[in-house]
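For reference, the structures are reproduced in the following blocks.
After this come two complexes, each holding chain A, first together with chain B and then together with chain C.
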Partner chain A sequence: MSVNSKENILVLNSPKNKPKRIPVKCKQTNRFIPVFLIGVVVLSVLSLVYLEIDWIKMFSRIPQIGEVFWDLGHLDFANIDLIFTSLIETISIAVLSLLYSLILGIIFGMFAARNVFNIPFLSVITQSFFTFLRAVPTPVWVLLMLVCLGMGPQAGVAGLCVHTTAFFTKSFAQSFESIPDETIEALEVTGANKLTVFTNAILPAAVSQIVAWAGMRLETNFSECAILGMVGAGGIGFVISNSLQGYDYGTAGVAILLVFIVAYCIERIFVRIKKKFA
Partner chain B sequence: MQPILKFNNVSKHYPNGVHALRGVSLDVKQGEFISIIGPSGSGKSTLLRAINRLIPISGGEVLLDGEVISKQRGKSLRRQRRKVGMIFQNYNLVYSLSVVQNVLHGRLGYMSGIKGVFGIYSEEDKQKALDLLKEMGLEQFSYNRASDLSGGQKQRVGIARAIMQEPKLLLCDEPIASLDPSSAKTIMELLHDMTQKRNISCMVNLHQLDVALKYSTRIIGLSKGEVVFDGPPEKLTDEMIEKIYGTSRDNLMIGGNADEKADTADCA
Partner chain C sequence: MKKRIPLIAHDLKRLYTAFIITALVLFVVCSFLTEFNVMTLIANSDAFWEFITEDFFPPALPKTSRIPGVLSSVLVTLALAMSSTAIAAVLAFFTALFGSEKVSPFPRFAKVVRGFATFLRNIPALVWAFILFSSLGIGTGVGFVALCITSFAFMVRAFVETMEDVSQDCVESLQAVGATFPQRVSQAILPSCLSGFLSWFLYCVEVNIRASTIVGMVGGGGVGLTLFSYIKSFQYDIAFSIILLIAVMVIAVDQITGKLRKEILK
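Coming up: the complex of A and B.
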C-alpha cells in the first residue's frame, strides 16, 4: 500500500510523464455485484430463447394497443349502477378481509414474535406455517375457497384473509420484535405476566407500525380484489372481465378508472393517517 | 429485624467464561440506602439483576423477604417480583402511552388476568397514580405522551412507576447515567426522599463516587465480581477506593492532577 502511494506521488511529480489519472473508487470492490449482473443477463437470454416470443407478430399488433385504449377512453356510463354496486362489493370484501386479518394477524404475530413468550419452538412453528400459506398466491386460495364455500363474495373474503393473515403475522411479528427488550424487562419486573406485558407495552408501542402495514395491505387487497372478481369471487373484477370479453370497452373503461380513483384515495388517506401517528 | 434481602454465597458465570459474581454474601435491611460502586464490568448490574431474576444465578441463593427467589418460576416468581421495583438508565417507558398509563403499569403485577391484559385499572389506583405524579411535580404532563418528556422527567415517571408497585426494595441501575448534572441531582434527591419517606430499601448502581458518598447510608464496593468494601460512607478511605477501582482517587475525577495517561486508559 504505502509503496504504491509513494510511486503514485513520484509519477505525479515527475515532469516527463503525463499526470496519471487519480483513482476514486474503493480498492476493495464488492465482487458480488458483477456476478449478480452477469447472472441476470444470462437468465434473461435463456428466458427469451425458452419462451420463443414472436417479436414480429408482437410489433405488428402495437397499433392495436392504441385502439383498445382509445375505446376504453370512450367512457360509457350506461351501466353505472351495476359498476357502482360491484365497486362497493369489492371495497367491502377488501375492508372485511383486512379487519379479520388484522385481528388474526395480531394474535398469530404474538406467537410468531420471539420476544413475547420466549418459546423459540412456538415462534418457529408459527412462522413456518404462515410462510407456507404466504407462498401460495391469493388467487389460488380464492379458487380453493370457491370450491369449499361456493361462488360469491364469502369466498373472496376467506381467500384474501388467508394470505393477508399470513402477511400480517410476519410483518407484525417483526414489529413486535423491534420493541427494545429493556421496555419489556421494565414491565416484567413489576410482576406482570407475558400476555399482560404484550397488551400493555408491546402492542401500544407497535400500533403506528400496524397502521402502516394495514394501509399498505388495504391497497394491495383492493387491487387483488379486482383480479379475484375474474375468477368468480364477485366484485368489480367480474364487471371488467365480462365487459372486456363482450367488447364493451366503454363500461370497462369506467370500471378501471373507478378502481384507480379508489386505490389512489386509499393511498392518500393512509399517508395522512401515518403522519398523524408518527 | 429480618433482612429484606439476603445473598448467600452467590456466584454467576456467563457461558463466555466471564465470572461476573464470585461468592457474594450480603444482607439488606429495611430503609437502607445502598450505593454499589465499582469499575465497568465489576458485576454491578449483574448483582442488581440477580435480585429479581432478570439474570439467573449459577450458584448460591438469593432470599427476598425470607423466600428463595433464585429458584422460583412462573406465578410465584411474579408475586416476588412485584415486591421489587426497578429503575433503569434508559427509563424504559412505553413512549406511545400517556404518562399516567406508564405509572399505572406498576400495578399490573397485582391485577388479575383479564383486567391486567386490557389495562382496566381501579379508580383507586388511578387516583393514587395522579397523586404520585403531583408529588413528583409532573401533574401537568399526566396526559401527555411519555415521548414528549425530557430525560429527567422520563426518569421521574420511571420512579413513579416503581413506587406505584409498593415495593419493599427499589433497584436503580445507573439511574442518572444519561442525565445532565442538574437533572441528576433532582433524581437522586427524589429517590432518597421517596424511599426514606416510605421506608423502602434502595440499592443504586453508581458511577459517580461523589453522589454515592452524599446520599447513601451504606456503600458496597465491587471489584471483579467480589465485594471488597461494605460499610458506611465515612469508612470509605482513599486506599479502599484505590482497591475498588484499581487507581487512585485523583484519577477518578476528570481533570485530576495525577499522572493521567497511564491510569485512565486502564479504568476506561
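Coming up: the complex of A and C.
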C-alpha cells in the first residue's frame, strides 16, 4: 500500500496542456478481494431471506423506539441507592474475576506455552481444552454456574473466570513463547530449574504484555458483567432488565447511563495507559 | 556469597510494584464488597463435581424429532451474525468517512460523529436488545437491529483509525489537485484501506457469532434460545451437547475467518 501512496504524489506535466489522467489506483490489486466481496453480498442476502424478518411490522413500530428513548430520557433518581449498590457489585465482580483469572491464566499459560516445560503433549492438551472453553459465550458459563452455586456474585465471578482464564491462557502463552530461546538456554546453563527460569526470565519479560491484556479484558469483562444480570445473575443488568420489563423507564435510564459512563471511563483510562507504555 | 542479578530495570520494577499493590488493594476491597470467597467454592466442590459427572456427562442428543429444529436454529444464529455485520459494515463505512477529520467534507462534525459512535459502542449489545424488545417486541428482527447497532459503532471506530493510519498524504495530495469528495473516497481511500476494512469486518463477524448466541438467549431466536430452554427445563445433558455444537460452530467460523484474513492481507 505504501508503494501506492507514493505513486499518487507523482504529477506529470503534459506538454500540450491537455488534461491528462493520472492513474492513482493500486496496480497490484489483490484478486481475492472482489471474490470475497461478492461472496459476502451473496451470503448476506441469503441470510436475510432465511431470517424472514417482518420488515413492514418493524418499520411501522419505529416511532415506538422514539417513545422508549423519550421515556428513558426522563431520568428517575428515586432508586439511586439500589442502582448504585448493584453497579458497585457489578464492578467488583468484573475486577475480582479479572484478578483470579490473571493468576489462573499465568499458571495455565505456563502449561500451554511450548517453551516452559518442553512437553508438547501437555501444551496441545491445554491449548485445545481452553479453545473449547473460549468458544462458548460467557453467559452460558454463568448460567451453568448459577445452577451449581445458586444465585449471587459467586456464580458471576466463577462464570466470568471460565471465559477470562481461557482468554488469558491463550494470550499469555503467546507472550511466553515470544521470549527468545537464547534467554532460556542461558539461564538453564547456569543450572536453574524450569520454575526458576519461568519466574526470572519469562515472566518479567511478559509483564508489560500481561498488563496490556488485562486492561483490554477489563473493558470486556465490565460489559459482559453488565449483561450477566439479564440472564439471572445479580448486578446492574438485573436492575436494567427488571425495570425495563416493569415499564419503569426512568430507573432503567439512570442505570444505562451509569453503565455507559463507567464503560467510557475504563476505555479512556486504558487508552491513557496504552499511550504511556507505547 | 550469592549475589542476585536484577533482570528488570529499576524504574520498571517500581511500576510493576505499583501495579501489584493496586491489584491487591482492589482484590481486598472487591472481596469485601461481594463477599466472594474461594474457600466456599472449594468447600462446595463436591456438589460441583456431582453436577458435572451426573447431570452433564455424557452429552445426550435431543429427541430425533427435535434435531432438525436445533440445526436450523444454528443456521439462524449464523445468518443473524452474517447479515447484521454486513449491513452494519456498509453503514459504518459511510459514517466513518464523515468521522475522520482528514477525509470528511465537514471536518467540524467529525467529533460529533465519533462521539455518537462512542455512545452506541459503550452500551452492551444485550442492553440494546432489551431496549428494543420493549419497543419492537420480541423476535429475530430485534436481535438483528441490536447486533447491527453495536457492530456498527465498533466498525466506525475501527474504520476511522484505519483511515487515519493509512491514507493521509494520499488524500491531501488528491485534495491539492482539486479532487471532489467522492473522487477522493473512491480513488484514495478505498484502494488503500479496503483490506484493512475487510479485516476488521471479519473480526466483527467472529464477535457477532458469539453475540448473536447471547442475544438469542433473551429472545432473539437462534441456538441461544434453544440452549436457554434446555437449561431452564433442567435437561443438562442435552444442553451440554448444544454447548458442544456452539463451540464447534464458533471454532469453525474462527478458522474460516482466519484463513480469509490471510488471503485478504496478502
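In this section, the second predicted complex is superposed on the first by the 242 of 278 C-alpha atoms of A that agree within 3 Å, B and C clash if a C-alpha of one lies under 4 Å from a C-alpha of the other, contacts with A are read in each partner's own complex, and residues count from 1 in each chain.
In the analysis below, contacts are C-beta pairs under 8 Å (C-beta built on N, C-alpha and C of every residue); 3 or more make two chains touch, one makes a residue touch a chain.
Quantities reported herein were computed from a predicted structural model and do not represent experimental measurements.
Peer 1: Tell me the contact category for A:Ile240 with respect to chain B and chain C: first, second, both or neither.
Peer 2: In the superposition, A:Ile240 touches chain C alone.
Peer 1: Look at A:Pro180 in the shared chain and tell me whether it touches chain B only, chain C only, both, or neither; answer first, second, both or neither.
Peer 2: Touch partner of A:Pro180: chain B, not chain C.
Peer 1: Scan A:Gly191 for contacts with chain B and chain C and give back first, second, both or neither.
Peer 2: first
Peer 1: Comparing chain B against chain C, which has contacts with more of the residues in chain A?
Peer 2: C
Peer 1: Applying the document's definition of touch, where does A:Asn200 land relative to chain B and chain C: first, second, both, or neither?
Peer 2: After superposing on A, A:Asn200 lies in contact with both chain B and chain C.
Peer 1: Identify the overlap between the chain B-contacting and the chain C-contacting residues of chain A.
Peer 2: The overlap between the chain B and chain C interfaces on chain A comprises residues 200-201, 204, 207.
Peer 1: So in the complex, the part of chain A that touches chain B is made up of which residues?
Peer 2: Spelled out, the residues of chain A in touch with chain B are 180, 182-183, 185-193, 195-197, 199-201, 204-205, 207-208.
Peer 1: Flag every residue of chain A that touches chain C in the complex, lowest number first.
Peer 2: 1, 4-5, 8-9, 11, 24-26, 29-30, 32-33, 36-37, 40-41, 43-44, 46-48, 50-55, 57-58, 61, 64-65, 67-69, 72, 88-89, 91-93, 95-96, 99-100, 102, 131-132, 135-140, 143-144, 147-149, 153-154, 157-158, 200-201, 204, 207, 211, 223-224, 226-227, 230-231, 237, 240-241, 244-245, 247, 256, 259-260, 263-264, 267
Peer 1: In the complex, go through chain B and note every residue touching chain A.
Peer 2: 52, 54, 78-82, 84-86, 88, 90, 92-97, 105-111, 116-119, 158, 161, 165
Peer 1: Touching residues of chain C toward chain A in the complex: what are they?
Peer 2: Spelled out, the residues of chain C in touch with chain A are 7-8, 16, 19, 23, 26-27, 29-31, 33-36, 38, 40-41, 44, 47-48, 51, 75-76, 78-80, 82-83, 86-87, 118-119, 122-127, 130-137, 139-141, 144-145, 166-167, 169-170, 173-174, 177, 187-188, 191-192, 194-195, 198, 201, 210-211, 213-214, 217-218, 224, 227-228, 231, 236, 243, 246-248, 250-251, 254, 260, 263-264, 266.
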